[in-house]
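After this come two complexes, each holding subunit A, first together with subunit B and then together with subunit C.
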Partner chain A sequence: MKKILPTSNAIIAVISGLLVLLGYFFPGVFGNIQSVLIGWAIILAAFALLLGIYNLALVHWKKAGAGGTNGINSIVLLVSLGITIIAASLSGPTGSLSVWIFNNFQVPVEISLLAVLAVVLVYAAARLLTRRPKWSTILFLVTVLIVLLGSVPLFFLGEVAPLVALRGWVTQVPAVAGGRGLLLGVALGTVATGIRILMGVDRPYGG
Partner chain B sequence: MEQVLNSIGNYLGLLFILLCLGLILYYFFSDGNQPKINLRDIQAFRHLRREVDLAVEAGKRLHISLGRGSINELQGGAAFIGLTILDRSARAASNSDRPPMATAGDGVLTILSQDTLQSTYRSLGTEQRYDPTNARMTGLNPLAYAAGAMPIIHDEYVSANFFTGHLGTEIALLTEAGERSGSLTVAGSDSLHAQAVLFTTSDEPLLGEELYAAGAYLGAGPAHIASLRSQDLLRWVLIGAIVIGAIIKLLGFLN
Partner chain C sequence: MTDIICPLCGKPNPPELEECRYCQAPLNVSGFLAPSDQEGQENPFILSPDEPDQADSQVIKSESTSALEQSIPDWLKNTEANFLEETEAKPERQAPDDISEQIDSLLSQPSTPDNVTQPAIDDDWLASLLAEAGGESSPLSSQGALLGDIEEPVNENIPQPFIEEPFKAKGVLPPTPVEKPDWLTGLEASSKIKLEGEITPSEGIDQGAGITESIESIETGSMEIPDWIGKIEPEEISSNLEEPASQIAPAELPGWLEALRPEDNVPATEPVEDLSAADIVTAGPLAGLRGVIGARPSAIRARKPPTYSIKLRVTDEQRARVEMMEALLADEQKPKPLPSQPALTSRNIFRLVIAAALILPIAWMIITGSQRVPTPQPGDVPGVIDFTQQVQALPTGLPVLLAFDYEAGFSGEMNLAVSTLITQLAIKNAFMTLVTTIPSGPAMAESLINSSVGLDGNQGSYSYYTNLGYIPGGTMGLVGLALSPKSVLPYSLDGIKVWASAPLDAISTINDFSAVIVLTNDPDTARSWIEQVGPTLKIDGTPLLIITSSQAEPLIRPYYEANPSQVQGMVTSLAGGLAYGLSVGNSQQNGEWDAFSISITASVLIILIGSISRAALKIPITGKKKES
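Let's turn to the complex of A and B:
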């Protein structure tokens, strides 16, 4: 059975993948079966989400049992998870209780993390010259400075026209060109990854 | 020319995929006769391989972050690379006291990472080492995912972090956690915002298509090398097409 399952998994995955792919190019022939398969995938993804939450709870249940500072954090997480599930069950996902929890707990915590993120990025940029002393680093930092100075009115000077023009050129010409180059590389990589899975070479489903 | 392009427009994507498939198959079978294919040096993968060895010796573990991209969408491609890296790391660190750990911000990715770990250990004949809590879902939105993964970097004896998959600017919080805990951070993403942040914050950033070369550099098999070579060739084809298109546009043949 252990030898048969990987092969059958691979056959199901490859055939399903091919049918979904062909559905994009021949919607008249494969469109219906593509919709059915994607519908099944969405239902499975919802169950996978529940299993993911169970996994999260299991990990923190074990940590809570181990005790210590991390154990207290895990207890807080488990209690919060329980309260949120009860609140969402009683009032619905968009009900008053759920919205109250979202507005008073999740939003402030995420805003705090975003503030930390801003500080981390500034600190990392300042540290970059010691971490990677190369010409590309200097170019990166000079470009950041130009874009920042060109984006906001400066004290006593207001908007400096040449800086604004330079910022516009940097963001619209070299940045867009570089970005598109990177995206082309990402697209080629994604296509190659998909083809390897369709060939059955990569089997991320335990095959 | 435009009429020709329009007429085959619907099938252009399919032709491109068939071209990719043909090239991968061509390189796969033609490279089989060659003793060794030389790949250009990418420092990040060299350091990662070294770190895997050091982690085994030091009794530490690797952390592979799969990001939060759903496999139902385009972002899933980068996460699949993470699963390949997880497989290779689990094999390389099979003797280690602390097996690699994977984190994800999506339920399906969590299950796939558990499945990858289980099948890897099964193929090595060490299925008893499999622990489902070594593949974790830490949060479902960007900041929740980062907040859930940061304690793992700090508290789970991690010697190196490999961030791969769809992540946004929140990756800076994770790389900062790696920096503070003294662990190596190798990171790549399909997101341009994340790549810009990684250039600043990561020890070893992987830009553009470099992330997708991971399988070839970590010894995942000849198919990965074949697909890498086909990507290289197709990139030159695209560069040529863009340059020719720009020249044609410059000369005024296309409006």
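Let's turn to the complex of A and C:
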């Protein structure tokens, strides 16, 4: 059984991958099979989300049992999870209770986190030269200042056309070039990984 | 029952045993049968008095069927036949018990007294038989009879043959001689002859004496001997036998061999150890032997092991060091409290100053609703005009797919453009189909729809939409949604099968929607929509519009600026939202743009001031270090 299962898993994975891939090239022939297989993957992914929620609750249940400061935080999380589940069960996922919880808890919390992040980033940038200044550090600081000054009209100065143009060049040429390079690398890695899985060399599903 | 005599200890053992029960010596090798009390019943040569006929028949049967009998010569068969005839003819003269006693006396070395002359063979038939077999039976038998008269000292160290020596005379009167049958006497005499004729080891050793005795007995007897034997003097024979090697001439060795000869006289063998005082083994297979090396030497005899103290012998100084080490280890495990820091340090003050410099101006601008900073125009922000035109071109009353894929934290940047879009779609009376690839998307979409202004100018009055909720699998399910939205999201969050009623009953694939508008802050999510759904939308020319944040704008913009473009219109960040609002006639900004502008300006100033001051402070310190 230990020898049969890895082989059968590899066969299933390779055939499924080939059928989905062929569905892109020949949608008329393999389109339906591709849809069925992707539907199965969607169900598994949705179930994985449920498993993630269950695991989160279980971990914090253990931490709450252990006590201490982290235990209090875990208790808060478990209470919030329970209240949200109860509210969504009573009024539905888009009911008034669920929307009230979303507008009065989730949106302010997330916005506050981003606001704190903005303050921390500004503080870090201001102290960046406290350490030994390097050319890379100085270049980073200059780039940040150019992008910020070119994003909006300054409060007292208004829009500075050269800065706006420079900001556009920085964001569209070097930044996109770097980003596209990363994406191309990721894409090539994904293709290589896909080929390895299709050939049965790489078996992330076990075996 | 016949017992087996142990060859080692001489004790009788049952025949079924393979080893002696007393000394464990093996019995089947050298053991021999010993007479027992009921020997006569078991011995096949002895007839039972109760069953003579049966015994006879058994004897006859065994004679006729035995393989050994075939090898017996005819003269011996005739002898046995004569014996049987005589036995049958004279049953009263010799009882079976007598016969058994006589055989026993033969087998068990009967002690015949010395000076007893054995009777001569008086059976003519046996004498003639022996004469035929050996040719000299009469002289030898007479010789055997004469040998009994000779007194000869016997060497006790030499093992004697199994037949008792008939010429031991120690002056003891012999008991009454047992009357033996003629045939037995003859057999006895022949056996003596045969045994004396054999050369036993003892005879080999004491050869000279034996020959001397034979010569003397021959001389004293009346038997005929050859002439050459009579000429030999006994002294000559004995001297020849005693000194055989002295008359051999030494060999002449070559010189080189003489040189190799060792000079020292080394004894050939070790001196024989005197074992007379050694102990006799009393048990085991070597029982009865003397001088045997013990199988269990005294060195490995079990004895009580010595006891050692487990107490560690340490000095007081070593003990003090151990205690010190234990104290150090115990202190290491105890958590040490961190040194208390003052609440107001320069770092904390600097943080508070930065936070105040950012928060206070923003709050002031929001409170006052300032509109000092000029609002960005639609032409200044890329994609806004195209976006506006695509929305304006949407037919009235047809379904539009809206994907709410941005996090709540980006709602401050995104909500302005999204609210304007919803209002425009409401004006168009479009059927908004809401989907999302993030778990918090359904609540976000519902909140924005409820906060938007409807056609009647009231918030939350627009109800021409359906919320299908979360796409199973997130971005993984986009392909399935593009090919068959009915199968991926068959029901709305209210549990209504929306695909069976208008206007979604006309939708089979995603390109049947009049437009697909993606609201996302994540460049990867936007890219998934463009790459997974875009090809399907391109078939019928369904526009793909995107509202995104500033962080995703650089990566999405190439899709918009491409030719042919994969994104037909885009609105980016707060500036794009304001520009889109201006393009549709909504110039209300509520001070958000001024707050954004002043926060960016404050951030730039803080970074500049902080960097310059740090650099200015760093230069003198570095100079001092170089000088030192």
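The rule is simple: the second predicted complex is superposed on the first by the 185 of 207 C-alpha atoms of A that agree within 3 Å, B and C clash if a C-alpha of one lies under 4 Å from a C-alpha of the other, contacts with A are read in each partner's own complex, and residues count from 1 in each chain.
Convention: contacts are C-beta pairs under 8 Å (C-beta built on N, C-alpha and C of every residue); 3 or more make two chains touch, one makes a residue touch a chain.
Keep in mind that this is a model prediction, so the values were computed, not measured.
Shared-chain residue A:93: touches subunit C; no touch with subunit B. Judged by the touch definition given at the top, the superposed model places A:11 against neither subunit B nor subunit C.
In the overlay built on the shared chain, the residue A:76 is in contact with neither subunit B nor subunit C. Of the two partner chains placed by the overlay, only subunit B lies in contact with A:25; subunit C stays clear of it. Contacts of A:148 after superposition: subunit C is touched, whereas subunit B is not reached.
Of the two partner chains placed around the shared chain by superposition, subunit B is the only one that A:191 touches, whereas subunit C remains out of contact. Once the two complexes are laid over each other on the shared chain, residue contacts for A:139 go to neither subunit B nor subunit C. When the two structures are aligned on the shared chain, A:45 is found in touch with subunit B and with subunit C. When the shared chain is aligned, subunit B and subunit C each come close enough to touch A:110.
In the superposition on chain A, subunit A positions 38, 41-42, 45, 49, 110, 113-114, 125, 128, 179, 183 are in contact with subunit B in one complex as well as with subunit C in the other. Within the complex, the subunit A residues that touch subunit B are 2, 6, 21, 24-25, 38, 41-42, 44-45, 47-53, 55-56, 58-59, 62, 70, 73, 109-110, 113-114, 116-117, 120-121, 124-125, 128, 131, 140, 179, 181-186, 188-197, 199, 201-207. By the touch rule above, subunit C contacts subunit A in their complex via residues 350-351, 354-355, 358, 372-374, 407-412, 439-440, 442-447, 450, 467, 469, 472-474, 476-477, 479-480, 483-484, 487-488, 493-494, 523, 527, 550, 553-555, 557-558, 575, 593-594, 596-601, 603-604, 606-611, 614-615, 618. Subunit B makes touch with subunit A in their complex at residues 10-11, 13-14, 16-17, 20-21, 24, 70, 72, 74, 77-78, 80-81, 83-84, 104, 106-108, 110-112, 114-116, 118-119, 122, 132-133, 135-138, 140-141, 143-144, 146-148, 151, 155, 169-170, 172-173, 175-176, 190, 192, 195, 197, 199-201, 203, 207-213, 215, 221, 223-224, 227-228, 230-231, 234-235, 238. Those residues of subunit A that touch subunit C in the shared complex are 31, 34-35, 38-39, 41-43, 45-46, 49, 92-94, 98-99, 101-103, 106-107, 110-111, 113-114, 118-119, 122-123, 125-130, 133, 141, 144-145, 148-149, 151-156, 158-159, 171-172, 175-176, 179-180, 183.
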